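Presented below are the structures under discussion, each in the form of structure tokens.
Each of the next two complexes has chain A plus one more chain, namely chain B in the first and chain C in the second.
Right, the complex of A and B next:
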């Protein structure tokens, strides 16, 4: 029962703040709404028994990446958004992206219908599911290749940032 | 998830909240009194015996003061920012084990709000969110000094967060657990301050920087920045920032005690009393530092964080990892 209540609360806050993120003109308000969305999602991860992912979501996205976003927005001191496209073009692109996203979601929903009789219920999970030890184990065994590729990608990004910054100041 | 559990949790939350509010007021009084004596003055002595009610009087004054909002401020964010600061501090306290457990009304009640399997990460997460309160407060005031102060303190907090987090990883490697309860349990015979002394030193230094306390109180460098991010705040909103600073001091101390100083372990006295004694000692250390050291210059502060503390914590981590791996 209480899970249902909490899920409703998190879902409503996530959707509500996602809407304010899109509709607010002030970029700082948009960034803050996104932080609120991320926090609600982290609450949902906890309901799904994935505490580690939930906390990492807060530490990495809400605590680090969004702070940098906010820094940039604040330092640029943007007063309200200046439209990038003409209203007609913006509407056209918006419609196109919404259509793609809708088709994608529909496709996922339809393709998962046929999977076995246990439709609508998650497969049972072990007692260690979502624990840091379990995530670490599968990250370094089953998914070690994508994991290493990601780390190299991040390393390239770091080096790129240093190179760009150096060029500007020397 | 029965009703008794909900009532128990609510009661514990209320207790911790009350403990913190009273504790903060007492700490503020103790700080003024101690700093007074450090500087060969008497400190507050008029309100109540030894001036102990001074903080209560100050709080009443702050509650009744006029709340001034700058006319060009971003009203919503200006309101949210101080609350965010306090909330992130208080939420972190929910995973601190204050002691063992007590038996009340036939129920065994552990002296903590929650035993979370990822408690340490949770605390790092809440401290990383604490930056928002400060940076937003500075921005929302729409004024030069608060913005500069806010940027400064958030840069400081982000820089020292890294060393702080990495210094804790050594202990995590040794215990194989992120749960504070488990970490405290494993310190029954040996406090981790002994094998992890460098990590402890790094944690304490970066903890002081993280809470923006002297000698790292750059955000409040009066001579350059008026009062930093809270220049435009008055009345109860200002008091919230004040409360947040002291709550964060409690959090940093409580984590240091749980991770390095054996939590509630100690001879003769019950765990909760030991925890309080260690907490008091830690807060005294904070105040002692403030009375002893002059403030650092900003470039010294950033240089120290990135060039000394971070490499030192990484080195400590590498050595610990090697030793743990060799031991098997």
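Right, the complex of A and C next:
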């Protein structure tokens, strides 16, 4: 019961603020709406027994990444675009394409929910499901190679960002 | 033992909705910064789908994948924002309609 109420609140907040993000003119408002979406998604992760993911969603996404976004928005002093959306046929095509993609996504996701375990219900899990200890155990045994590769990726990203930010292009 | 009251379909519906809204943002907006934020929204929609499926099958590999998606998103944001800053410093604009150097 309480699950359903919380889910409804989080889902409505997420979708509502996602719409505000796409249709607001001021980039600062867009960034703050995205923070609200990320926070409500973090709530949904907790409902889904993914506590560790919920915490790093707040720390990494809502904390680090969105602060970076807000810094750049305020640093560049970008004006809101007028008109808001791409003019002409591109906009209509965009909305049509998005509608088709939505129907397709819904079809695939819902049909794959039906397979396997009993339709629509989640099986009960133990108390360690999604805990940091369990995540760490899997991460450092089964997924240790991708984990190490990720560290190289982050190193390359840091070097790339520094090079791009320092060099003066002519 | 913990059970779950909300049907798993609902999470997929929310995920599909968020992904579509992000797609509209990428296709229809003109500011490079907002397009970038919409891409983040799409990544998050997929993350929700991953976590919901992970819960549905009671296997934690989906959550590990979300962890990697977040790491890649962080790297992508660092480089992408550096590119946007570099473009803005050179051309005084962040609108994708004004950036057509490669159009020939």
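Methods note: the second predicted complex is superposed on the first by the 137 of 170 C-alpha atoms of A that agree within 3 Å, B and C clash if a C-alpha of one lies under 4 Å from a C-alpha of the other, contacts with A are read in each partner's own complex, and residues count from 1 in each chain.
To be clear about the criterion, contacts are C-beta pairs under 8 Å (C-beta built on N, C-alpha and C of every residue); 3 or more make two chains touch, one makes a residue touch a chain.
Not measured: the values here are computed from a predicted model.
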Chain B versus chain C as contact partner of A:64, first or second or both or neither: both
Which of chain B and chain C A:157 touches, first, second, both or neither: second
Which superposed partner A:14 touches (first chain B, second chain C, both, neither): second
If touched residues of chain A are counted for chain B and for chain C, the larger one: C
A:52 touches, of chain B and chain C: first, second, both or neither? both
Touching partner for A:74 - first (chain B), second (chain C), both, neither: first
Where chain A meets both chain C and chain B, residue numbers: 1, 52, 56, 64, 75
Touch list for chain A against partner chain B, complex: 1-2, 26, 28-29, 32, 35, 51-52, 55-56, 58-59, 62-64, 67, 70-71, 74-75, 131-133
Chain A partner contacts - residues on chain B that touch it in the complex: 1, 74, 76-77, 80, 116-118, 121-122, 124-126, 128-129, 131-132, 135-136, 139, 147, 151, 154, 158, 176, 178
Complex contact set, residues of chain A against chain C: 1, 3-4, 7, 11, 14-15, 18-19, 21-22, 27, 30-31, 34, 37-38, 41, 44-45, 47-50, 52-53, 56-57, 60-61, 64-65, 68-69, 72-73, 75-76, 78, 80-81, 84-86, 90-91, 93-95, 97-99, 101-102, 105-106, 109-110, 112-113, 116-117, 120-127, 129-130, 134-135, 138-139, 142-143, 146, 150, 153-154, 156-158, 160-161, 164-165, 167, 169
For the chain C and chain A complex, residues of the former touching the latter: 1-25, 27-31, 33-34, 36-38, 40-41, 44, 47-49, 51-58, 60-61, 63-64, 66-68, 70-79, 81-86, 88-90, 94-95, 97
